[in-house]
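Here come two complexes built around chain A, the first alongside chain B, the second alongside chain C.
Right, the complex of A and B next:
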């Protein structure tokens, strides 16, 4: 989240799209209710299904899964056509005045630079026009035809209300009603927030979708404002923490993984340290060398020296264009290219797309270690044919599977201390409530004992690639069981000579005199102690920021980009909702997202970006500088905007035996998968209370479709995709309205996840149905909007 | 006299998350039960002997579009309680000083009259124990100054616990707010026909409480009123006469012989 849960209560309009917080974040949803009670805020809900969030909304718009960019593009168009943007904000805090090089354009589904043979873009025509000193040329009036603002206007000119309604499937009136509410926040004294979750990230164009939301919020002046922002509601208690720590194809603190062509640390730093594009850009990522060297010192301690590039050569490097994200390594596994897998707190058989592919991939491994609280589908994947009976008749029988499987019992969240990072970026320390049962061990003990045994094996027997392991620093009181206090102190980092804990990331050095496990967590455990364990309830700004409750990354900042909450002179857009105040010599309030004593005019408000301002136009992503509507990989219609380039041309396509895509003639209905309040992922089916509240798998079928097919409530139905099928009772409902798209009726079918072939309550794995299709930037699978057929079982 | 306590359910803030259901099950140590699918998000079709707090989900078509109403259902703790009127077993159903209607398990004889007497169809007979159960408004928690478990668990402050007088005031104020927002039918449901209930509801569509699964005009059946009213002495005569007759019969005839093939 750019802002945070408590801050949602400061909003005037709340757009919930690509998420369903009443069901999936019911506790956080109290702040939505508070905004409605306290400020008479309006709740707009855009969703294929009339959800429990929709049930308490002021304005509900039904939509076809996978058409969010069309809807948001329509909002951008609506704001530009009706002159509803916050002009001063856009001029001062965004790259709207920046000029783009001559030659940039978009036509028939492709931006300029498309190379059909490579299946990718040459991005040179997307770059800014620079002056002789290397800074971007600007037109403060925004009138230059090559200014970002004019290009934006031109790009979204096609997204008229009629075009939106035709793609999305709602009525024009429904769209306009929502647009009027959302656009009403383009005034200095009104703010709107956006809450989203996996309904936005699980698409083959997800990153661009969220970019579209950022553009919308920037036009309305809602970024940096209390009650504003673009707010991702994270799904698991510590998924934000695992992202911050680089568990997903990154290094900690969002540092990029080294590539094979970055032969030296210097190469790596050169490629990943941006240069300022405007004279007033602070360009905080220019500190990348300090972050990276301090991280290497944390990894390799004494073994990291200036002479050996601080151990840079110990880091694995991926091929120049290689991706080792989830989708790609499972694809490699399915081709037999991986020897083993340690699945730590992860259940890929259940939560990965295309279950048959997951099962087949695991069967190719020599060994599999699963570390879990329960015996999951992944731990017992080799029994799938037996336990999942008819769903996996083509899968190998247990006797045929050679994979050696280990299930290590792990302590659950309540049985270990440590920190949870919530959606608000609050790093909250917790204490173990009870000891782990039986032989269950804490994560750190499992990792440490694996490491120590591996080290001693390498020392005794030698072997390839031992150096990174042997040189790793493991400087803990009990190396077989580090305390998480020790680890957290290391993540915060310290001065190596004085052994003093770092106060802030500004103290980091690139000469190897500081170490830090994650630069964005600098300040979480200082000489004053564990900041994450703080429980102060003071609220000096009156905005519900609670600066003394736990610790928020970065720098205990509660609202990101908060400098943008004020104008050029530092005067807040809304005096009643000012997270920051400038007194002539310094900023007070929230931790400023700015130099604390820099005058309002001296720097750009977006200090992390080389532009110094926020990007309406961003050449950083694969598909193009502006988000464009592409259909899901499986869609009932050709893209009404450009039939020839219907789907995201950059979405990776796999060609294995399991990677089948269906067509609308065989699979006419759109399906979406989602979670229910009653369960937590594939976990609570092992627990009594969760199982009781929602015992049964079911399929939600629109009333009209049920009538057409002769399906009555409770009838057993079979949903089939090009990959597999599921079966369960039909929940016939009015809450999924049939939509009109391109002059025809489109039905959507809802399929909740949560069941599987092991657990106290059982049901089919819905990922039997889902395709191995991913967002090219993030690698997230497309679970929202794929094609199925429906029949009575 | 102790203050009458009450629970306020503001259905406009209910998101059907079922935290109240879990809290109720856990506080009361209820057994696990496998649910049955019945075309709804609702945990089970109706209250059960071991499930006292159920959110009812109702899909309704309104002129402005679909509406999905969620309202928690449990014992209403009526001022004039039909169950209490109907109960023949001394001490099995009691009305506490604070207004809570409590079922006392050890005194219950499992006759099920309270079920007939309840205008809200709340009490449930357990076939296993042959006794009747329902929400106690956590009288055990309330007695030591805690709020009921469901109230504590509610994330959206849809549930409030307090004195009946305070909550009635809050409820009316909230209904007024809703009417000002344009929901002209908004109002408070306070168990008409049973002298008021200690469970109050704020409803957007107060003119159609049946949309939420609440009876529009709850009434204690006339048979029950009669049974505990004018006919009580008749009933008592018949009841105790029956026992007397049984004793006389026993003394005269002796115990019934059980046969092997019974």
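Right, the complex of A and C next:
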């Protein structure tokens, strides 16, 4: 989240789209209800289903899964046509005045630079126009035809209310009613927030969708404001923290993984340290060398010296155009190219797309190590044929599966200390309450033992790749069982000579005199102690920032981009909602997202970006500088905006045995998957109370479709996709309204997740149905809006 | 009663007394209720933790008994919302309120299990034997497939035949250690729940 849960109560309008917090984040949803009660805030809910959130909204709009960009593009169009944007904000805090080079354009589904043979874009025509000093040319009036503002207007001119209604499937009146409420926040004294979840991220165009939301919020002046922002509710206790700590292509702190053509540390730093694009851009990423060298010192300790590039050569490198992410390694695994998988608490058979492909992939491994609290579908994948009943009759029997499997019992949350980051970016420390049961061990013991045993084998026997393994530091008081206090102190970092903990990332050095495991966590464990364990309940601004409760990254900042809450002179847009105040010499309130003593005019408000301002137009995304509506990979219609380029041309497509895509003639209905409030993901099927409250899998079928098919409530139905099928009782409902799209009726079917073939209660895995289709930037699978057929079982 | 906290402690008895006084002059049943509640958890150790489910980040208080005696495994007797948290202010949802059943659950794994190639059931294995086997498998794979250089002769030091995935309740510190583990081995295919 740019803002946070407690901040939602500052909003005047709350758009919930791609999420259902009343059901899935019930405790956080209280802040929505507080805003309604205290400020008479309006709640707008846009969702394929009339959800529990919709039930308490002021304005509900039904929609077809996968058409969110059309809806948001329609809002952008509505705001521009009706002159409802916050003009001063847009001119001061966004790249609206920036000029783009001659030659940029969009036609028939492609931006300029499309290369059919490569299946990608040459992005040179998307770049800014630079002056002789290398800075972007601007037109403060926004009137230049190549200004970002005019290009934005032109791009979204097609997203008229009629076009939106035709794609989304709502009525034009429903769209306009929501648009009027949302656009009403484009005034200095009104703010609107957006809450989203997996309904936005599980698409083949997810990242562009969220960019569309950012554009909308920037036009309305809602970024940096209390009660504003773009807020991911996040569905798990620490997926924010795990993202902060890296992914296949990321080092901790969002530093990029080195590429093979970055032969030296200097090459790497040159390629990854941005240059300021405007004279007033602070361009905080210019500190990349300090972040990177301090990380290498944390990784390689005494083995990292200036002479050996601080151990840079030890890091694994990826090829320039390679992708080693989830979609790709499971695909490679399904073709027998992997030997081993190690899973610390993850259950890909249940939560990955296309279950048949997941099972087949695991059966090709030589070995599998699973560290878990409970037996899972992944650990016992080799039992799928027996336990999974009719769903996996084509899958191998245990005797045929040669994968050697280890299932290691691990401590659960209550038995471990350490920190979780909630959606608000609050890093909250927890303490172990009791030891793990029986012979179960903590994660750090298991990781350490695996690594130390391997190290000692290499020390005894030698072997390939010994150096990167042996040089990785594991310099803990008890290396076989590091205390997480020690690890947290390492993540924060310290001065190596004085051994003093760092106070802030501004103390980092690039000469190897500081070490730091993750620069955005600098300040989380200082000489004053563990800041993440703080329990202060004071709220001096009255805005729900709670600066002394836990610690928030970065720098204990509670509202990101908060400098944008004030105008050019530093005067807040809304005096009642001012997270920052400028007293002539310094900023006070929230931790400023700005230099603490820099005058309001001296720097751009978006200090992380080389532009110094927020980007309405972003040339660094794969699919184009502006989000465009593309249909899901499986769709009942061709894209009404450009039939020939119907789906996202950059979305990865696989062509293996299990990668079948269905067509509307065989699979006429749109399906979505979702959670229920009584269950948490695939865990609580092991817990008695959740299992008793929601015992059975079911399928939500619209009344009109049920009538057509002769299905009554409780009848057993089969839902089939091109990949597999599920079966369960029908819940016939008014909650999913049939939609009119391109002149025909489109039905949608809702299917809850939570069941599987291992647990106190069992049922079909919904991912039997879902396709191996992914967003090209984030790699998230398309669980919302795939095609199925429905029949009585 | 002790309170496991980095930042001071409070006595539940004080809290209950204050609540009882506040209602002592009306016909309220609160003092009686408070007394019952006090009995249930009066001897527990209380530990600050955070709910492991969604990302609202509700603070919880875990009550345990048996941790002051020798030779007794402590157990959780109650888990409740932390009234001091600005996020949940003492409340929990239907899942959070039943967290005790997640922790104290006969389905929990309590010993390492092993499944040999082609076997149709799990069998028990000691930790030592499991670690010995796992280290050997990892080394064999790594010795067979580790790439020091790519096809163009550039140093890549990578292991693409092994993938590592992390779960959604791995703490920051565990994620950080998994990162070090991953880079020590040279693993590129590293993902976690946030990808899905």
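Observations on the structure shown:
Here is the rule we go by: the second predicted complex is superposed on the first by the 790 of 793 C-alpha atoms of A that agree within 3 Å, B and C clash if a C-alpha of one lies under 4 Å from a C-alpha of the other, contacts with A are read in each partner's own complex, and residues count from 1 in each chain.
Note that in this section a contact is a pair of C-beta atoms (placed from the backbone, for glycine too) under 8 Å apart; a residue touches a chain by one contact, two chains touch by 3 or more.
Quick caveat: nothing in here was measured; it's all calculated off a predicted structure.
Residue contacts after overlaying the shared chain place A:779 against chain C, while chain B stays out of touching range. Of the two partner chains placed by superposition, only chain C is touched by A:317; chain B is not. Once the two complexes are overlaid on the shared chain, A:33 sits against chain B while remaining clear of chain C.
By the touch criterion stated above, A:22 is placed in contact with chain B alone, chain C being left untouched.
By the touch criterion stated above, A:55 is placed in contact with chain B alone, chain C being left untouched. Using the contact criterion defined above for the overlaid structures, shared-chain residue A:433 touches chain C, although it does not reach chain B.
Once the two complexes are overlaid on the shared chain, A:598 sits clear of chain B and of chain C alike.
In the superposition on chain A, A:689 contacts both chain B and chain C. In the overlay built on the shared chain, the residue A:677 is in contact with chain B and with chain C.
The partner of chain A that touches more of its residues, comparing chain B with chain C, is C.
Where the contact sets of chain A with chain B and with chain C meet, they give residues 26-27, 30, 677-678, 688-689, 693.
Interface of chain A with chain B (complex): residues 22-23, 26-27, 29-30, 33, 40, 50, 52-56, 60, 676-678, 688-689, 691-696, 698, 713-714, 729-735, 737, 761. Those residues of chain B that touch chain A in the complex are listed here as 12-19, 21-22, 25-26, 32-41, 43, 59, 61, 65-70, 155-157, 181. Remark: chain C residues 4-8, 45, 47-59, 62, 64, 67, 73-76, 79, 84-88, 91-96, 98-99, 101-103, 105, 107-120, 122, 125, 127, 130-139, 141-146, 148, 150, 152, 154-181, 183-196 touch chain A in the complex.
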